[in-house]
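As structure tokens, here come the structures.
Two complexes come next, and they have one chain in common, chain A, joined by chain B in the first and chain C in the second.
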Partner chain A sequence: MSAQVWIDGLFSGAVYALVALGLAIVFQPTRVMNFAQGEALVLGAAIGYQLIALWKWGWVAALLVTLLLGALLGVLTERMIMLPVKLSGSRFAWIVATLAAAMIFQSLFTLRYHDTDALRPRPVLAGGFEVLGERIGWQQLLTVGVALAVVAGYDLFLGRSVYGRAIRAASHSSDTAVILGIPVQRIIVLSFAIATVITALAGVLAAPVLFVGPASGLLFTIKGFTAAIIGGVGSPRGALAGGLIVGLLDAVVRNLVSATAGNFVAFALLALILVAFPSGLFGKPMAAH
Partner chain B sequence: MSLSLEAQVRRTPLTTAACTAALMLAASGCAGKESRGKPEIKIGLISPMSGPFAVLGISQQHSLQVEIDRVNAAGGVDGAKLRLVVRDSALDPGKAVQATNELAGDDRVELVVGPSLTAFYEAAKSTLERSKKLNCQPAVATGTFNGLRYGFRSQDQAELDLRKMLTLLRKQGVKSFGLVYEGDDTGKNTDAVLKKAAGAYGMRYLGFQATRPDDQSHKVYVEKLKKADALFVSSNIGGAKTMAAAAEIGYKGKLSGTSSGMQNIAFVEAAGDYAKGALFPAPNYEYPLRTDRARWKPGYRAHIEAIERKYGKNTGPKTGATSPKGTAIAADCVFAFAQAAAKAGGTDPGKLAAAMETLDLKADQTPSGNAIKPGTAHEFYGIEELHVYQWNKDARGWYTTEIPT
Partner chain C sequence: MDTITRRLPAVLTAVALAVLLAWPSITGFYSYNDGYYNGIVASACISAVLTISLNLAMGYGGMLSMMHTGLQLLGGYGAGHLVVKAGAPWYAGIAAGVALGAVLSAAVLLISLRATYLYFGMITLAANLIVVEGGKEWEDLTGGLNGIVGIAPGGLSKTAFYYVVLAFLVLTYIVQRNLVRSGVGRAAMAVRESPDAAAAMGIRPATTKALVFSIAGGLAGLAGALYALQLGFINPDVGLLDNGLVFFVGLFVGGIGTLAGPILGVALIALLVELIKDHARYTTLILGVALLAAMMVIPRGVVGTWGASRFGRRPDREDTDPAGGLPDSVLPPPPPGDVRPSKGAVWSSTSAASRPWTASTSASAPEPSTASSARTARGSPPPSPASPGSIRWTTGRCWSSARRPPATLGRSRRRASSASSRSRTCSNSSRSWTTC
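This part shows the complex of A and B:
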């Protein structure tokens, strides 16, 4: 088996890890699994395509716009999902609300980019280098590096900063957090904004290598969801581990057996892990409830 | 003194005469309308008008409308004007079947174009046959129309496309080839055709790599087929991924599309510069060739220029590649219908279908620029109507060249 398989698996695993991290960040204070998370990745790809490929702006501008629009989309998504969840009172309202948000964003992206199948800008770092005869793209390396840095950064933020501690308190018990004076609503909005920015960043970095279509958000959500469950929902390290496991396993099995088998093995592993570790590999038992 | 209107009418001989005259005039007017013009004939289109494949349905709608306008301006079909009715399948098989049932049950619909896409048509064709509804398919590439009475195809057949490409590749010295394609029904059908045809063309088939929509890269697949002299790739976004992968790992062989789908500028938009040099088979498509329009086939030129006047052209936002906002092979459906109706002397479904089989229309007459000769196979175009084109790019932008076969 070619080392290229491992490189591809590592790269896609890094992208899935960032989607999984976005899912985990929203899940912590809300207990909502946001099925619209993959749309943030499409937003990132769309920003890269629009600004770099069409308007010929630079990467710095694209990254700044990604931060800004990612945060705005996060706030908007929070309203679109949490408002119906609160008003409905149904324990399943989040499923409908998150899927509806995903469908709305997917339709908007499809309407805007109906004339292209792939939102593909030029890379930040073009070209690559060879290691033992295998070519590694600079963009792939950059994406893996950013994924590691973002996961480590969020882990530190969660453990060391005041806001991070507030998020953990709100995720433990929102009622107690309110009594302690923690602005839980603001924490929830902040979580949506951070999660969307991180996933949009994954989109803008991965788009030059991946072929992100305007309607491909749900594909990434499913991969990120699998990674989050395997790693343990709520844990940044679990998101990273889960993402890498899904990416590498899929690439290796796809190469050794077939494309369909790659997905089958990833989901079979998900089922096994849920039986053996209901909270995922890195999750805490309470997250399983 | 005051009288009711009724009383006034009753009492005035002049009014009575005027009313009688008015009634007679109205009656004669209605009778005149009945005798002067027949009720209009509906042409139904079932295609995705929204969602990711909307560009297909909208292009078909434009071409059908332009051809209907032309036929109506020339007096219509058997004295009746044509009117287009459009139903959106929205890439939902349920909606496609529902629309087929509706149009199949409407006596004023004499021709159904679609449902587009093979799987949708497979679900609907028995209804169209049972209802004796003439139908024409400009977006169904696989399967056979042999054995159908009312169904005709106005698209290049997938198998003929592949044979055309294999003929060229053999001529160019290709000894082996492989296939990288979506692992769907079209991919499996293409694999089966290539497997069967390889021996007949004296080439080796190195196998089929089935891809998935969520593949991050196709490098793994291209690596496995790296020794092939040529690779057949999909015309969808998957094909763009394969071309990118081939460039990234330094694949030296030829890259070929399996069908005319690769002529779409959406493909060039997705593949970008990787599309340079890509070969694809297609029926007549003179638009991106850099030949003088005066040399285009007259029917094709008239149709394309009517499309440009009425709807304009598509321009790829990234690549600047252009295409007309229509698909001329859909207009062939209406053109052939009008010719068949004239031959059959009316729109009786049985006579129409029989007349359609015997059509022999010259390439310079038809909107697509292809000769139409359906025969008992119910295929509008034979292999002689297929061409091989190659995508190229220079300082003036994207264009195609025709490769002699």
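This part shows the complex of A and C:
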């Protein structure tokens, strides 16, 4: 096992961490685990593929379009998920609504790119460099850097800014937050938009290296879940730690044993961690709701 | 008019059953492609079995299960392996599917008893993925990615097996109905609403959950075995969560937590899929949009909305609680210091179980604690401060402050405060009143 495995693990771990962060951002004010989160990653990959590989617009345009469409998708997802959840009284409404949204987006992507196997644009930063005989792609370094920066930035935003405080208040008790004059509805929309943009950004960055197919959104969602839950839902730092754990473990086991054993071990670890620590490694105990 | 609408569900059930029984003859008479139409209805019946199982786990048990496709896969593997590789008869395969499903779901539930709601769902999701990945890897038993092919109910024609599937659907429905109406079912619904309150009433949440979830798992395994025997193959793709959407859609369109909801929902979905089969590429898209729309328009599903509507509601006299209540021997009278309602008076929250208490006579000796614990548990009016200091009431456990050693007192105070922070229900079992 070479150091290359660890580098690959770190890279995919950064991508999972961004997905997990998106899940945590949506989960905090809404208490909804968004099964459609991985579709945002596919959206990012599709934008990268369409704009960079097919239309040759360059990656600046791709990033701008990702920001725009990501925010749009976020607002759309919010409507598609929160409206049925509110109107339907069932406590399982969220899982069905998010699964339905995921399936709708997945079928849209599959219909659009049905002849494409992998959405693979050119990397934002081509090439790489060598450290101690190991090759590190600039793209990989960039992705890990972006993941660290985004997690740190969101952590600061949550802790220091007025909006961050409002989000924390709304996630603590939305009724009280409404009484205090916090626009909870707007915060929920904002959270969806931020989460979707972050995950779509991860898609643009990941697509040149990782395999992202039009239908692989749910897989990334589940990997993100694993990361978010290992880290404890709701904390950005936990999402980062969980993502890196999942990515590294996946890569190492994949290298040592076999390709499918990586998934197997990751999910078995998820089950084990949940059995031992029912609310995640870094999470606070959550009341049933 | 009233009688007609009230009898409508029964009449529709009878018609549907008759059509289902006569379906092979109907298709054989009208269509050259009768095998196809029989297969569609049989597959829908199998989906209905799985959706009933999901309804038991989620609707009645309150346990979010994302492993039902995995249970189906496991049941299919059991049946396929036994029938194809070991050469056993088909009913042995079905028995193996049921056993495998029940064992896996019981195991998953037992290791995850501490996990609450969302995290329990995540554990079931992990279990589902483990089953799928295991199916891909363990080629000797499962045939790897290709799965097991050539599974057939030896000695039975397709039409005969159609009736087998139909019989199993009816059986599953009866199991569901009887379970829900039995003590176990009532206990499961109490645990779903609040495990703490249920524990205070003397229900064991863990046992109840394990029982209901294993029965649901067994039914899911049954659906898997029937699936494998009906379609002749089983492979890891069957277990993917993507396929599970159909069952969730069926459950929610029909009505979660209703007896007939799963069957009706699956029937509607099967009809919809059949109608749009010329545009099969858009099936998932249309199903997803239909589901979101259905959740907004009929939030409680077809059956739930019907039951809540003017037509489906039962007339008042049917809706009343059984008269008589519990015998006096099991009903301790209210505490002496409390305001006691006069005979026949009813507390503000007239739940079914608080009524026998109000009906109990004031003649028997004061033995206060059960009434108080039942009261604390269901959030009825608090005891009045008529005799302060003599007896304290906390979360189902009572003690007179003189008799209690201080250390224990402190401990149960801590316990009381932690319990009261959890929505003021008592986590002690109702047995504790006998100590007072």
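FYI, the second predicted complex is superposed on the first by the 285 of 289 C-alpha atoms of A that agree within 3 Å, B and C clash if a C-alpha of one lies under 4 Å from a C-alpha of the other, contacts with A are read in each partner's own complex, and residues count from 1 in each chain.
Everything below uses one rule, namely that a residue touches a chain if its C-beta (ideal position, glycine included) is under 8 Å from a C-beta of that chain, and two chains touch if they have at least 3 such contacts.
On a predicted model such as this, the values are computed, not experimentally measured, just so you know.
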Notebook entry, point to check: Touching A:181, do we find chain B (first), chain C (second), both, or neither?
Noted result: neither
Notebook entry, point to check: Which partner does A:84 contact after superposing on A: first (chain B), second (chain C), both, neither?
Noted result: second
Next item on the list: Have a look at where A:210 lands relative to chain B and chain C in the superposition and call it first, second, both or neither.
Entry: first
Next item on the list: With the two complexes superposed on chain A, say which partner A:93 touches: chain B (first), chain C (second), both, or neither.
Entry: second
Note to self: According to the stated criteria, A:263 is in contact with first (chain B), second (chain C), both, or neither; which is it?
What the structure shows: both
Next item on the list: With both structures superposed, pick whichever of chain B and chain C touches the larger number of chain A residues.
Entry: C
Notebook entry, point to check: In the superposed arrangement, which partner chain does A:53 touch: chain B (first), chain C (second), both, or neither?
Noted result: first
Next item on the list: Considering only the touch criterion stated at the top, classify A:5 as touching first (chain B), second (chain C), both, or neither.
Entry: first
Check: What is the shared patch of chain A, the residues that chain B and chain C both contact?
Finding: 114, 258, 260, 263
Next item on the list: Could you pull out which chain C residues touch chain A in their complex?
Entry: 58, 62, 64, 66, 111-112, 114-119, 121-123, 125-127, 129-130, 133-134, 136-137, 241-242, 244-245, 248-249, 252, 256-257, 281-282, 284-285, 287-289, 291-292, 295-296, 299-300, 422
Checklist line | Sites on chain A touched by chain B in the complex | finding: 2, 4-5, 8, 11-12, 15, 49, 53-54, 110, 114-118, 120, 135, 137, 209-211, 213-216, 219-220, 223, 247, 251, 254-255, 258-260, 262-263
Notebook entry, point to check: Hey, which residues of chain B end up touching chain A in the complex?
Noted result: 51-52, 54-55, 183, 210-217, 219-220, 223, 236-237, 240-241, 244, 248-249, 265-267, 269-270, 272, 314, 316-318
Margin query: Looking at the complex, which residues from chain A come into contact with chain C?
Written below: 33, 80, 83-84, 87-93, 95-97, 99-101, 103-104, 106-108, 111, 114, 218, 222, 225-226, 229, 233, 258, 260-261, 263-264, 267-268, 270-271, 274-275, 278-280, 286-289
